[in-house]
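Okay, so chain A shows up in both of these, paired with chain B first and chain C after.
This part shows the complex of A and B:
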């Protein structure tokens, strides 16, 4: 029996390590790296220390030889929240993408410290995804500890395909928001099994809200990502019509 | 939020840029670059106020041990001195 190779965990990797491991070796070229010092100008005045890449890594990479845009949100910095700068980085790189894009989403959505600017940025990101997916695959990966919530869950839902791992979670409202808005009888935000049963990767793929389930393993994810690009946009796209049909089917009479 | 600057003249310049860490709970981001002049400059922004003596001791010990010339920026989110030393050494390993 051959010895089992150690898995390389996606969860344990940094955003740059994730892109490097998923793209063709050595092909990633980062745009506006930390030394460009494009950080949020709004955080210091609110007493929050800024990260120099604003928690977003973007650039160009090859994926199976295709020239694609690569995006990774850093879930470690302010919950992977999207502010004006990070959001603009994502939107611009998607607008300029040639043969598609992959987005490694580990994000709670809009950065509350930047409120409307974050909202605007996410609207731009959604716009760029919809424009790009008409001509090339846009694939989202939701496999980090934060998951993908809020406005960025809308962005993910607009992608051609979504790849998840059992670690990933995906939903419009995060557990704390659901608890606050609907009450603890609806959801106890400390109840981790309940959260993953409702929004975890296994469940989301079962429900068809995400397309592919892979283990927390960079090599497996790299294969799934290439498969997703070969398959091209086969996912039924999020449209108003589709949502109306679905609501008509699922709503209790 | 507090800003702390530590400087020391002389030292062997680092040759490359290095970026390690993140502004995450108990963690810090280190940006290390070749200096404009032969001196080490470390600029710290930290979210936790009141630890200037600990910062100075930690950073001066690092420069004592590694007499380098470099422009270093630290963005801190409540890292312990041990974590700070570890990240600085990690950055230095990549920058030399």
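This part shows the complex of A and C:
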């Protein structure tokens, strides 16, 4: 018997480590890596230090032998926000991908500091996902500390399959935003158990918003990702009938 | 108000299509003899979700728009009349999955466009954030009124100041040096995001001639098949060459390395 291998945590890994662990060994080829010095020119003016990959790692990889696009958003940089560069990177690799794509989404959505350029990019990303998923799987993974919010939660919802861990949260507006906009009586952003209970991976899989629940473990995620590529796309998630029934249950009486 | 007014005024011989939430106005009519369906999300004080009573894009609005798009008459092009202050911010909305409701609308728009249905958008008021993403941004042709009441952004102005912990003055200053954070029509047009901008003396009471100019522009765009263009094609415009040069450069370099 071999000793139990140590778990490798997804949460504790960097975006590049995540892609490397999930793709076929040694197959990931990053495009526009930090040495390409492609960083946002809009941030210095707003008192933010730019990052040389703009917080988005993209490239080409093999997944179970398939030639896919790999995307990982770095939740540590400006909340994993999407600006002009990161948005264009994601959109273009999705447009180029041959046999599918996987997206590791740890993102708060559009980058406020590049507002409308991020918005334009996410409209392109949504279109690219729908175009690609017609011919190949597009799988989203929501398992990081930031979760998946804003425009990117809409993009994720369009994917063929969504994998979550209990750490991941998935929704349109983050709790801080809801509290700020609607008041603390609407939602207390510090009430972490309530937030995870309502929008965390366990709940989202139970609701059918996401397809697969895995633990915070890279090996388990790698297996789940390959399974998701073989699974048929979830066409129920956005079924209007189903959403209508669910929303009726949620309506105040 | 603006959304309802323009949804009512834009099409000729329009009649309301039923079966939608009261916050989703759907009207079928014609422009220059061709069929159109106009769709607008409007305030409705009786909406069952309290966080979506002021014209916000909420749970019911997303699936309402999705259905209006998906079930439009076969020969009709769609005109999305955009006046949306943003998405609904609420606990119930998040629990139920507001992002799925928005995604359903996005999916319906993309699906119809990819099947060849022409999509047009007319921004007549606010075009903010997820609401605009779900209602208007997937159109092949986007026009806007040239008016101080038009706002295109990812967050209401007051919220930006709160989130970034800066003053309104500082937010306004940044908008002058980083155009992507500005909210006005002219700056949004610089990115090649708009196909036409229309002068209107009073957006709440458009004159016959003003409406006619919008109709003529949409009719021309339809005859040129512009309504089926994907969002990425906006990058080809001369304005995008100048002001989205970085996005174009990133895409070129991805292609080189791929």
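Operating definition for what follows: the second predicted complex is superposed on the first by the 230 of 253 C-alpha atoms of A that agree within 3 Å, B and C clash if a C-alpha of one lies under 4 Å from a C-alpha of the other, contacts with A are read in each partner's own complex, and residues count from 1 in each chain.
The working rule: a residue touches a chain if its C-beta (ideal position, glycine included) is under 8 Å from a C-beta of that chain, and two chains touch if they have at least 3 such contacts.
Not measured: the values here are computed from a predicted model.
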Requested in this report: Put chain B and chain C onto chain A via the superposition and say whether they clash or fit.
Outcome: fit
Query raised in the report: So after the superposition, what angle do chain B and chain C open up at chain A's Cα centre, nearest 10 degrees?
Result: 110
Query raised in the report: Which of the two partners, first being chain B and second being chain C, lies in contact with A:180: first, second, both, or neither?
Result: second
Query raised in the report: Of the partners chain B and chain C, which touch A:44 in the superposed model: first, second, both, neither?
Result: first
Query - Contacts of A:76 with chain B and chain C, given as first, second, both or neither - result: first
Requested in this report: Would you mind checking which one, chain B or chain C, touches more residues on chain A?
Outcome: C
Query raised in the report: Which of the two partners, first being chain B and second being chain C, lies in contact with A:153: first, second, both, or neither?
Result: second
Query raised in the report: Measuring by CA atoms in the overlay, how small does the chain B-chain C distance get, in Å?
Result: 15
**Report entry** Where chain A meets both chain C and chain B, residue numbers
**Finding:** none
Requested in this report: Flag every residue of chain C that touches chain A in the complex, lowest number first.
Outcome: 48-51, 59-60, 62-63, 66-67, 70, 87, 89-104, 106-107, 110-111, 114, 129-130, 132-134, 137-138, 152-155, 159-160, 162-164, 174, 177-178, 180-182, 187-188, 191, 193, 230-232, 234, 244, 246-248, 250-251, 253-255, 257-258
Query raised in the report: For chain A, which residues are in contact with chain B within the complex?
Result: 14, 33-35, 44, 47-52, 74, 76-78
Report summary line: chain A contacts chain C in the complex at 29, 31-32, 36, 38, 41-42, 45-46, 58, 60, 84-85, 87-89, 91-93, 95-96, 110, 112-124, 126-128, 130-131, 150-151, 153-154, 156-158, 170-173, 175, 177-178, 180-182, 186-187, 198-199, 207, 209, 237-238, 240, 243-244, 246-247, 249-252
Query raised in the report: Which residues of chain B touch chain A in the complex?
Result: 1, 17, 19, 22-24, 27, 29, 31, 33, 45-47, 73, 75-77
